[in-house]
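So, here come the structures, one by one.
Shared between the two complexes below is subunit A, which pairs with subunit B and subunit C, respectively.
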Partner chain A sequence: MTKELALTRILPRWNPTSLLKIACLTPVVLYDGIFFLLPLIFLIWIGFWTTENYRAVPGFSLENYLDIFSQLFNKSRYAYAIAQSIWVASTTTVLALILCYPFAMSLTFVVPERYQRTALLFAIAPFWTSYILRLYAWQTIINPNGLLNSLLLQLGWIQSPIPILYTQWGTRIGLLHYLAPIMILILYVMLSSSDRSLLVAARNLGATYWQTFWRVLLPLSKPGLIYSATFGLIISLGDVLSGVILGGGTGQSILGKVPLFSTVILNEYAASTNLPRTSALATILILLMVAILVISSRFAESKE
Partner chain B sequence: MQLTELPTHTAAIAPDPSHDLELCQVTKKFGSQTVLNNINLSIAAGEFVAIMGPSGCGKTTLLRVIAGLESMSAGKIYLDSQNIARLPVHRRNTPMVWQNYALFPHLTVQQNIAFGLTLSSHQKAIVREKVYQIAAMLHLENFLDRRISQLSGGQKQRVAIARALVTEPKILLLDEPMSALDPHLRIRMQGELKRLQQALGITFIYVTHNQNEAFSMADRIVVMNRGNIEQVGSPSEIYNRPASHFVAEFVGYNNLLDGKVVQINSQTMTIQCSQTVAVVQKPDRAYSIGEQVTVVIPADRMFVSSDSASENSIKAVLRGQEFMGSQILYVLETEEGCEIKMIRQETLNTSQSIPVNSELHLAWSSEDAIVLGEPITHH
Partner chain C sequence: MKPTNWQLNLASWIYLGLIYIFLMLPIFALVLFSFEDSRFPKLPWTGWTLNWYSELFANDQLRLALTNSLIVSPIAATIATMLGFLAAYALDRFEFPGKKLLSVTLIVPILIPPLILGVGFLGLLSRLNLQGQLYSIILTHVVILIPSAIALIALRLQQMPKDLEAAAWNLGATPWQSLYRVVLPWSIPGIIGAWLLAFTFSFDEFVIAWFVSGFSPTLPVSIYTMMSSSLNPSLNAIGTIIFLASVIILLGVELLLVPIFSNRQTKPVDS
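Presenting the complex of A and B:
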């Protein structure tokens, strides 16, 4: 009896529903396998190849990694670039949260319900235009003779143009524009599914609007905040375009003038076409993202 | 406990200090729809008042208006002689126990109960002490560190009550708090709620559509219909002396017979109904010959009579029966298609089954019938 039970638990019963499930899942698995998983495995694998006479040679060696780790703090100074990337990504994410959370809140609680979908559509609209095009558009706005600086000069608020283009702020602006629609969407979905009777209950128990926000709404939005922050961090870490087009590839920060890690990977490949070594660098970036994902999902699921 | 219907014609009424809560001409309109129509109600301190009525009668809206969750179109609300109509929600101290409990899932039981206290600056030791006291009253002292998701329905209910009572309010609002509980748990909770209310001496305003809950707990019952108060009175008054057709039809099982007053003697009054003649004891109110009235006879006062008397008796055909524990509800129909209900104390075992479609003579004694004199409006 128990044996039979155990067996049926291990072996899925072959029924029409499971056939349908397999039929539905096969394309997804194939697509992800061929276009995502396979290239990823390839990338990680190539990271262990070596180069001879500027040609990649398949094999298994830790040469690339050892070389990279030996240059963490000198020569190529990869650790600085990684730190710079994390700095830009985390500050951008915090900024994006501060901008997007009130936006998603007003979308949920202020905009009448029948207009919410339209408003959301407008909020996400930038996502549908080309990212590069948007970055070049920002160049015309934030360059020293651009729209923003001329406006501020005209108003007499500044005496000379403030440098935004080719600074870290340029990078952040580009990233913010890229992240905002998706983060707003995530936060909106989370906020609109939150239990409003809890907010009313808090008010009824004597909480002011402000207290209701801090004590109830914000704690309840924690999972949504973490998921959108994770998203922002990972996209910011991997993005290279904003850093190149608006940030000028490098940026002055507390670490000094250090490029972003993604820019380093791009530049190294362009300069050396050393595929194994670049793959090893990319693998390190991917590991960093996986670490963020694991940590954040732990946080989101924890109840404390 | 006095029955206090306020006169509707006076515009400004001074609050009576002996009353904890006083509603004066409270009106609420949603667009063209009037949800609360000129509600006047006084509730004494420490009273347990149940507001009862069918869904959509405005009972929950009335509760929300008192709590300030819904604005009023007109009227005044005095809580402890202070007009709170313009006070924002969070400054009223009129906590509510919600139908779905609305407990904060991100907080523990202890933190949930303490919520109202921690909003203003209280010393931690005092908060802990007060939370423990109220938790002990509701047998929650061993659950204080639990998460809300780890509680049963009955425990959640207790936490919701404790959370509302911790700030020591003068008045507690309860919005159908037991509708999500199992029937046996509900009965236990009713007793406990009543005990708690008496121990604390707080005014409870309890909204329900469940008559049993209202009758078993309340000192006074308010019956509402279509935004109006139909009757205010003690449970026995509401049950035995319904003041309107609506109350007579809504509360318990009553038979309503329309008729005309034909004779008034020193002790009795005779009413000519379409299929019978009802002789009732002379009511307190004066009636005149020819006046249209309704005779109300409770279903449990009806009995089967062997002979067809001309007075206090009606001929009807049995259409169906329903077993209600120790009672059976018989539904009959008169020649004119009027429905007559009869309840008899009997069980499945003792009942001498009456075949469906058999013709019966139902009778009642004159002291069991009540006369309602208002214009006939069937709902």
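Presenting the complex of A and C:
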């Protein structure tokens, strides 16, 4: 502390440092200003442009939004796609938490401390291999003649192949495989830094394992759980690859065969290259995510 | 809370094993089926082959895409690491108005889904007539690579004893000299780690590249196009090669990051 104070007292007298500060910050501020903030502003702005003869025409019109809202329940059925996205994203996130939390717990409390690092490294390893190729590999595993089905058939556990590929479960498997390494990392970091003396105290005071888990460990993990849930929702809503490659673009659900909203955005652009309309759809996705962030931050604040 | 209960212990180990199988299964399948004879990956093993590898090297489309990726990713990673280093240094050492806002703005691109960024990037670039080129992908990838570069290098800078730089100043070095001679050498492990991470992110990125690349696809974009046409086992072969490459990169990151994390007072935390 005293060292830092001394340093800041020296700083103002050195004129070159302010020059240095400007030289260090200017490139990154300019870069992110031009290539990050500007595109976001453009995205929202272009949503109000119109298209004439396949060319985007600058202006301000609500045409795109009116057209999208008129197709909420018929033709493109955007409302169904949004509902489908929210459904898949939320169920996948809950599943991911249920899968990853016990894993992180076992890693923290059962694996000997000196092996934990290596064990964690192995758990994160899939994240570093190409996502699109992992999905391709899942295709060869879960297709009707794939690894999983032929194994189950040979074992005699099933009589005919179970369809997983090109169903909503396919989408979920792909997303889970993407989310799991990151969630495990977040939950492990949180669990391993939580105060163990509280757990020991609970046990000493006569709590069973179950009570200790339910009354002490779980409340302690709340921030990490909310953090990873938010993360899972945002990733799942924005992901296009899993839904297209493993979900087959559409997914059977109570709503019927409906694609995910992210798939709709990608496919509409691929089919029409209508940028103003695609931008309007993307703006709607942004609003959806902002709503999720607001709700999850409310969640984090409440129940303290 | 170390369970003394051996049943709980056993259950935990079995659970760990099952999840590891889930996590490793696609990689295992990728490597295994890249050597299988049959075009359709099935369990009764039909025979070994290296055909898919030779087919891979004969595939012009993939080779071109790989070349594109090997141009885009290193350049994007280098620019992002340079910008990230300067930003991390400034954020670590200086106080200025709007510092908090700036650090949030610099980190936020990694939290925004690439689908949204991709549409936005295309909007801006097509307006400036910069779309559909290799440099379009480089320009846009840098934005999403900066956050991790800043985070890693800042982590390394935080461990630097503050008086080291002050000592250099007292010995007559200008701030510029001490940045170049003292801070930069200290940050080297962080910088290399950040570069490798950025390279991996860029090499793997699909959605943004799909939107802005036009007719110069990167590897993931080209793979995506191939996948929609047919089942092609040479994708297994390229997957195996990429996996091996990322294992090597991962080992590099691990070896470089171990010193960074073990220097910390708190428990080791991964990137």
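FYI, the second predicted complex is superposed on the first by the 267 of 304 C-alpha atoms of A that agree within 3 Å, B and C clash if a C-alpha of one lies under 4 Å from a C-alpha of the other, contacts with A are read in each partner's own complex, and residues count from 1 in each chain.
Here is the rule we use: contacts are C-beta pairs under 8 Å (C-beta built on N, C-alpha and C of every residue); 3 or more make two chains touch, one makes a residue touch a chain.
Everything numeric here is computed off the predicted structure, so don't read it as measured data.
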Superposed partners subunit B and subunit C on subunit A - clash or fit: fit
Touched partner set for A:L220, first subunit B, second subunit C, both or neither: first
Partner chain(s) touched by A:L151 [first = subunit B, second = subunit C, both, neither]: second
Which partner, subunit B or subunit C, touches more subunit A residues: C
Contacts of A:Q211 with subunit B and subunit C, given as first, second, both or neither: first
First, second, both or neither for A:L38, with subunit B first and subunit C second: second
Contacts of A:L107 with subunit B and subunit C, given as first, second, both or neither: second
Included angle at subunit A between vectors to subunit C and subunit B, based on C-alpha centres and rounded to the nearest 10 degrees: 90
Touched partner set for A:A300, first subunit B, second subunit C, both or neither: neither
First (subunit B), second (subunit C), both or neither touched by A:A79: neither
Which of subunit B and subunit C A:R203 touches, first, second, both or neither: both
Smallest separation in angstrom, by C-alpha atoms, between subunit B and subunit C in the superposition: 10
On subunit A, positions contacted by subunit B and by subunit C: 200, 203
Residue ranges of subunit A touching subunit C (in the complex, touch as defined): 3-4, 6-8, 10, 14, 16-17, 20-21, 23-25, 27-29, 31-32, 35-40, 42-43, 46, 56, 99-100, 102-103, 105-107, 109-111, 117, 119-126, 128-134, 136-141, 145-147, 150-151, 154, 177, 180-181, 185, 189, 192-193, 196, 199-200, 203, 209, 212, 217, 234-235, 237-241, 245, 262, 265-266, 269, 275, 278-279, 282, 285-286, 289
Subunit A contact footprint on subunit C (complex, rising order): 1-3, 5, 8-9, 12-13, 15-16, 19-20, 22-27, 29-30, 33, 40-44, 82-84, 86-87, 89-90, 94-96, 102, 105-106, 109, 111, 113-117, 119-124, 126-127, 139-140, 142-143, 146, 162-163, 165-166, 169, 174-176, 179, 200, 203-204, 206-207, 210-211, 220, 223-224, 227, 231, 235-236, 238-239, 242-243, 246-247, 249-250, 254, 266-270
Touching residues (chain side subunit A, partner subunit B) in the complex: 195, 197-198, 200-208, 211, 215-216, 219-220, 222, 303
Subunit B - residues contacting subunit A, complex: 67, 69, 89-91, 93-96, 98, 100, 102, 104-106, 115-116, 119-120, 147, 163-164, 167
